[in-house]
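A, B and C label the chains in the order they appear, each numbered from 1.
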Amino acid sequence: MWASRAQGLSGFWYWITQPEAVAALELTVAVSALVALTNAVFGTVLAWVLVRDDFRGKNVVNAIIDLPFALPTIVAGLLVLALYGPESPVHVHVAFTRTAIYLVLLFVTLPFVVRTAQPVLHELDTQMEEAARSLGAHERTVFTRIILPNILPGILSGVAMAFARAVGEIGSITLISGNRPFQTEVASVWILNQSQSGNGTGAAAVAVLLLAISFLLLLTIGGLRRLATRHERA
Amino acid sequence: MRKYGPRSIALGYLLIVLVGPLAMIFWRIEAEGVGKAWSALTEADTIHAFKVTLILAAIAVPLNTIFGVVCALAIVRRPFPGKGLVNAFVDLPLALSPVVVGLSLFLLYGRTGWFGPWFTGHGIQILFALPAMVLATVFVSVPFVAREVVPTLRELGDEQEQAARTLGASGWQTFWRITLPSIRWAIIYGVVLTTARCLGEYGAVAVVSGSISGRTETATLRVQDYYENLNQAGAYGISLALAGIALVVLVVMTLLKPQEAAA
Amino acid sequence: MSIQARHVSKRFGDFHALDDVSIDVESGSLTALLGPSGSGKSTLLRVIAGLERPDEGEIVLDGEDATAVAPQRRGVGFVFQHYAAFKHMTVRDNVGFALEVRKRPRAEIRSRVDELLQLVQLQGFGDRYPAQLSGGQRQRMALARALAARPKVLLLDEPFGALDARVRAELRAWLRKLHEETHTTTVFVTHDQEEAMEVADRVVVMNKGRVEQSAAPRELYDRPSNEFVMSFVGRANRFGDGWVRPHDLHVTLEPNGSTREVLVERLVHVGHEVRAELIRDDGERLVLQLTRDEAERLELAAGQIVYVRPTRQTVFEEARPKDVR
């Protein structure tokens, strides 16, 4: 694993400044960030509905949330391609575009925020909400000032995991993105291509950079999380 | 009204992102023709691909189960210097791109790598052969058992084990008769997750195996193979098989969850 | 603010928490809802606050039907047994929450919070988090928080139940003093009859979702309306058909016609009083209470045989209790 660094510093700099590599990295980080954000919102809504709401079939819904964990990623990619690609039954054709990458990453990262937010929401002391109401807070205020701050650490954990997963995802993206350099080529695909064509040095360099970026972002999210829970450690 | 808002947003999102694509499996098989899909599934190379996948899982799962339990015990019960590092190492594969994992193996065991020359000198082929694939599969599926067992062990506390020791049980007896039974659901759940991960592995194996049909191709690699060779029926056929397995995994997971939580 | 509950019923699934409950709370009074677990007292309090909706009946606040009014707009201050502190906010932010929600100017909030922190003796703790406070401090914070917006009624749900005995006693006295100073209508729930008797002007005794009796503490003790109230409020001994208070037993060292023989099992000295645990000739356990002087005069000791006769007995018929001398 550390062998990747043994390739020489000048080579490193050369490869990470290659325009194609840079474009791939930018795309990866941008889409992953968007995916993480989307999950933050919809994952929370899903967790909310699963914990606080009740309807027929809720158990089934709760169970299928885990499907992206169980399903091979290449199959996921294939299926999203089927629905939103060339022969789409709903006439939505976004295959080989960035939207496709976005959609398939949403599929693959679906469980993360939901599963980390659920237990926190479940254990939330509803009396805090009642207290807030008795003190005059409207429902929206109760949500933004009481519920949200307390489930935020859970959401952030899920966001971190979703981001890490999205950044490194390969299997589901290979088929659907078309891997067009400068357009729909993500970092992981670029690295794969380089390693398959013998450019171990370049692949390694960009891989290291990707790792560094992920690491930085995970640290940031971890820091935010620590901030959100400082009242527990006080 | 307030209640239906979030519910419809949630379910709508699920439909677009998850359920819609899932439904496509059946749609496409039907469109392509069940016969074509079936003949692709029963091709010799396809069967071999499934065999390879199963062999990889059969090696990785037991290895990682034992490793996971040992690690969990070490982390929770016996704090040692470097514990934090081990903990991070176990979680690492979750944060790493499979491609990076594959790449590292590629560099390590390649012709110019650290270990490569030694192996080729002894006539052992690592890359583009089963050994590298095993290494890749094992590495990416390391975390699951450990991550399930660690919190369970923590919550359990070691009082029962202490009680067993005072009653005269040896270390091994304590482990076998006290510790193991109380973490069995966590282990089983972890095994299920590990297996699912092994079966679905793509990126790392893609880098190190060369994807040689009939030799080093796994089921997942074969899906891509079929698709790129415009054999959509074949691709969806294998996908259906894999999805079927995934569904079984999901059902088992769902059934096990309450057990695991209660333990 | 005056409070009335009229024929309130509330079910949770098959469980009848409240069964046709009606009470009347005078404006400015300090009332206790007393009863064992499951008696419905907390449920009633929460219905008054608007945190639960009754299945039947009405809640009338200050003469107006408030049954359908949301808790946000009832003008009640609610204190929970386990504090329900906003653990992600500082003490200051907790206490000032009600005012913030009403968009009061910051200077006003700051001075009111200071005033309240002084009142509950938490000045200096403003910037701490609830996790850093003791149980008693958290409850005082919860009280300050509930009082911030000057509610017209203060509702407390077993407010001191989670605290240790000494802190409980302090806070009880504090609550009484606060009420005397502010005259805010206050209703609190407790299962501790001593607490109810000590603090409240008026006690509503509840059991199994119904009101057994509603009266001043003295009246509850002297003139209980049924067996449940008699045995729940203060100690009571069964004597044949009737009930006898521990201090209504006359003790002699020699038997005479109407006495019963008892064995003194144990003597407990509580301050100036002596409580004797007795076993009657038929095996029934009784409790006797006398002053230290009386006990010494009789040279009462464990293992002794003495004779007792009730000086006052209460018998409950179906309709009304009867006093029998």
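By our rule, a residue touches a chain if its C-beta (ideal position, glycine included) is under 8 Å from a C-beta of that chain, and two chains touch if they have at least 3 such contacts.
What you see is a predicted model; the values in this text were computed from it and never measured.
Separation of subunit B from subunit C in touch steps, taking the shortest path, is 2. Among the remaining chains, B is positioned farthest from subunit C, on the basis of C-alpha centroids. Nearest to the global CA centroid, when each chain is reduced to the mean of its CA atoms, is chain A. A separation of 59 Å divides the Cα centre of subunit B from that of subunit C. Centre-to-centre, using mean CA coordinates, subunit A is 54 Å away from subunit C. Rounded to whole angstrom, the centroid-to-centroid distance between subunit A and subunit B, based on C-alpha atoms, equals 19 Å. Listing the residues of subunit A that touch subunit B in their complex gives 1, 3-4, 42, 45-46, 48-50, 53, 55, 61, 63-76, 78-80, 82-84, 87, 89-90, 103, 106-107, 110, 139, 161, 164-165, 167-171, 174-175, 187-188, 191-192, 195-196, 200, 203-204, 207, 210-211, 214, 218. Residue ranges on subunit A touching subunit C, taken from their complex, read 125, 127-128, 130-138, 141, 146, 149-150, 228, 231-232, 234. Partner subunit A is touched in their complex by these residues of subunit C: 49-51, 70-74, 76-78, 80, 82, 84-89, 97-98, 101-102, 128-132, 142, 145-146, 148-149.
For subunit B in complex with subunit A, the residues that touch the partner chain are 2-3, 6-7, 9-11, 13-14, 17-25, 27-28, 31, 94-100, 102-104, 106-108, 110, 112-114, 193, 196, 199-203, 206-207, 219-220, 223-224, 227, 235-236, 239, 242-243, 246-247, 249-251, 253-254.
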